[in-house]
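Shared between the two complexes below is chain A, which has chain B as its partner in the first and chain C in the second.
Up next is the complex of A and B:
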């Protein structure tokens, strides 16, 4: 599916998720996809339809509800690593 | 947002920076790393319990990468004023049995989801380079750690 909206989530919606949001915006700029909307929130807000792609750290992967298809998951091993993020976003965008 | 963007230098008092030999448990790590913010009147003591409870519930989501934890809970879990503290433990602590080892503990007290974005941008730049985390972990003393930390370049 086309990705127009990305949600980054963490346990409290203001620390790790904000860092990841900033990194995603940098990567999107590099990929020329600044049209994509990015926001951060708490894991409890992750639900089908809230975004097209859900980005979380490995520890929180289990908080993605089971009705959200795998292709909409983006699980980061190291959430400050921009290289990992870029590789995974490129894959999701089919680039 | 009308409020001016705060940089790390605005949000970290020198007395919020400490270096310890080590801690016995991850719970103790959280207690000591949040204590400067309790002492300074930036968070209520229940903020400590909030982070520990969140960890039991969700795991250590604040361990960003090897050697680095960004401890935080939600504003309503006891934040009074926004502020950041830095604690370095010479002997690493683990928040999960399988690791990773963590020596740099940054404690964030945020008043909402966005006001601390200036400081977070600096942290993203600082911690984007693993060498900077090692430099902090091995800083000779708390003064040097403070300088390294607040000296991170601001982002417009």
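Up next is the complex of A and C:
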């Protein structure tokens, strides 16, 4: 499935998810995919259809409901590491 | 004159003011027109959403809780929740808070550039809450207008670099780099937990990550769930005691917010347990709405702030929200939370004892949110310094700390009528206590001068004090 919308999430949907969102936007710019929408919210808002790709830290992986297919998960070991983020996004975009 | 009135009216409407702030940030980054319009409108709507959440939180839950608690225990019970107290304070201090936030961020860039603390504080919701707290506290000292805004911005900028600075010695050990810092106004509590943890340092101290610890409690990281569970539990217990003491047969006219509990003017008859559950969940709902509003505001302002700061400050270190350190020690997160929460309960009983035997004081109820987010961070700090024992000891001391500190801070806020909620995180409390007392001892001009000096000191120090070798090498 083509990725058009990415959602980042954290416990209160304010701090770390916004940081990941800013990083994703930087990476998308580098990949020339600025057409992709990115937004952030609380983990409780993660549900099938809310976005095409869900980005969370590995400590929050359990918050992704089981009905969301594996290819829409993007789990980060280090949420501030842009290199890891870029590698994982490239893989998801098939680049 | 009509034009001037119009401009003054715009500048004194907080929602439009924060919208202008976002507009400025986006325009300075030379964003396309449609993005500027989108961001500005979202920010204004965010502020209005925040107001709506605030009204709902107070009318449907917080005020009633205060009254029931007072009836049940004949003393003041305080919920430590940043969102609740900020939403109350923004009613009267919205304009000053917005301006302090704006100029505080500008001065943060100045400090990052010209002092030795090169931190850019990116946790926008805490910047907003702190701006609000400073507006409230400094106004006690008789400051208003531009003096209130200037003094508040100075102190805000100082804490925006100081808080990451005192966390950095331990935070560096957790993340293994100096390229990022911790930007969370529970800072002094984490620094303390790190210090306590280091007392348990030994060669063979076991890390929390060497043991097996069930991860099931992790669901409490969902803010809405955590607040819902705590507030329902508190409402049921407190209302239960009040019912036991006969609140249901009291004359309803002596209460202002309990019409639904006492079934005044309601069509259906509410059972008190049902009322407690819905009121507790309303609290979670109110905070959810407030957080959505805050998210819309900071979501536009912080990226602009980050972009501008990175251009102006070479070698700027971003200071970011506390969950960033959780993946480094998932067990310490849960052990830290549990220990901190237990300490909060212990602290509550100590406060009750003090209230009964020594002096009347406010009871700080243990909130799951501060104990989770701050307690978990304290646990990670304690673990980094002293392993499992350090984690437990550090988080326990932290839990007591964020119970007694707000209790000491309450007199300052009670003076302004904020009786049922207070700031939970440690930096808000210590600054509130310090400047609340300063405001009463040295109101007016002296207070203003103290605030400006606090801002200038780190810059003067940078230029006057001899540079340590490491810093000299870096330049």
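Annotations for the structure displayed:
As a working rule, the second predicted complex is superposed on the first by the 95 of 95 C-alpha atoms of A that agree within 3 Å, B and C clash if a C-alpha of one lies under 4 Å from a C-alpha of the other, contacts with A are read in each partner's own complex, and residues count from 1 in each chain.
In this text, contacts are C-beta pairs under 8 Å (C-beta built on N, C-alpha and C of every residue); 3 or more make two chains touch, one makes a residue touch a chain.
The model shown is predicted, which means the values in this text are computed figures rather than measured ones.
Within the superposed three-chain model, A:63 lies in touch with chain B and with chain C [touch as defined at top]. Once the two complexes are laid over each other on the shared chain, residue contacts for A:10 go to chain B and to chain C alike.
Within the superposed three-chain model, A:80 lies in touch with chain B and with chain C [touch as defined at top]. Touch criterion met: A:43 reaches chain B and chain C at once. In the superposition on chain A, A:31 makes contact with neither chain B nor chain C.
Contact with chain B, but none with chain C, is seen for A:23 once the two complexes are overlaid on the shared chain.
On chain A, the surface patch touched by chain B in one complex and by chain C in the other comprises residues 10-16, 18-19, 22, 40-43, 57, 59-60, 63, 78-80. Those residues of chain C whose C-beta lies close enough to touch chain A in the complex are 122-125, 180, 184, 215, 218-219, 221-225, 291, 294-295, 298-299, 302-303, 306, 318, 320-324, 326-327, 330, 333, 373. Across the complex, chain C is touched by residues 10-16, 18-19, 22, 40-44, 57-60, 62-63, 77-80 of chain A. Listing the residues of chain B that touch chain A in their complex gives 54, 57-66, 68, 70, 72-75, 77, 108, 110, 112-114, 116-117, 120-121, 123-124, 127-128.
Taken together, the chain A residues at the contact with chain B in this complex read 10-16, 18-19, 22-23, 40-43, 57, 59-60, 63, 78-82.
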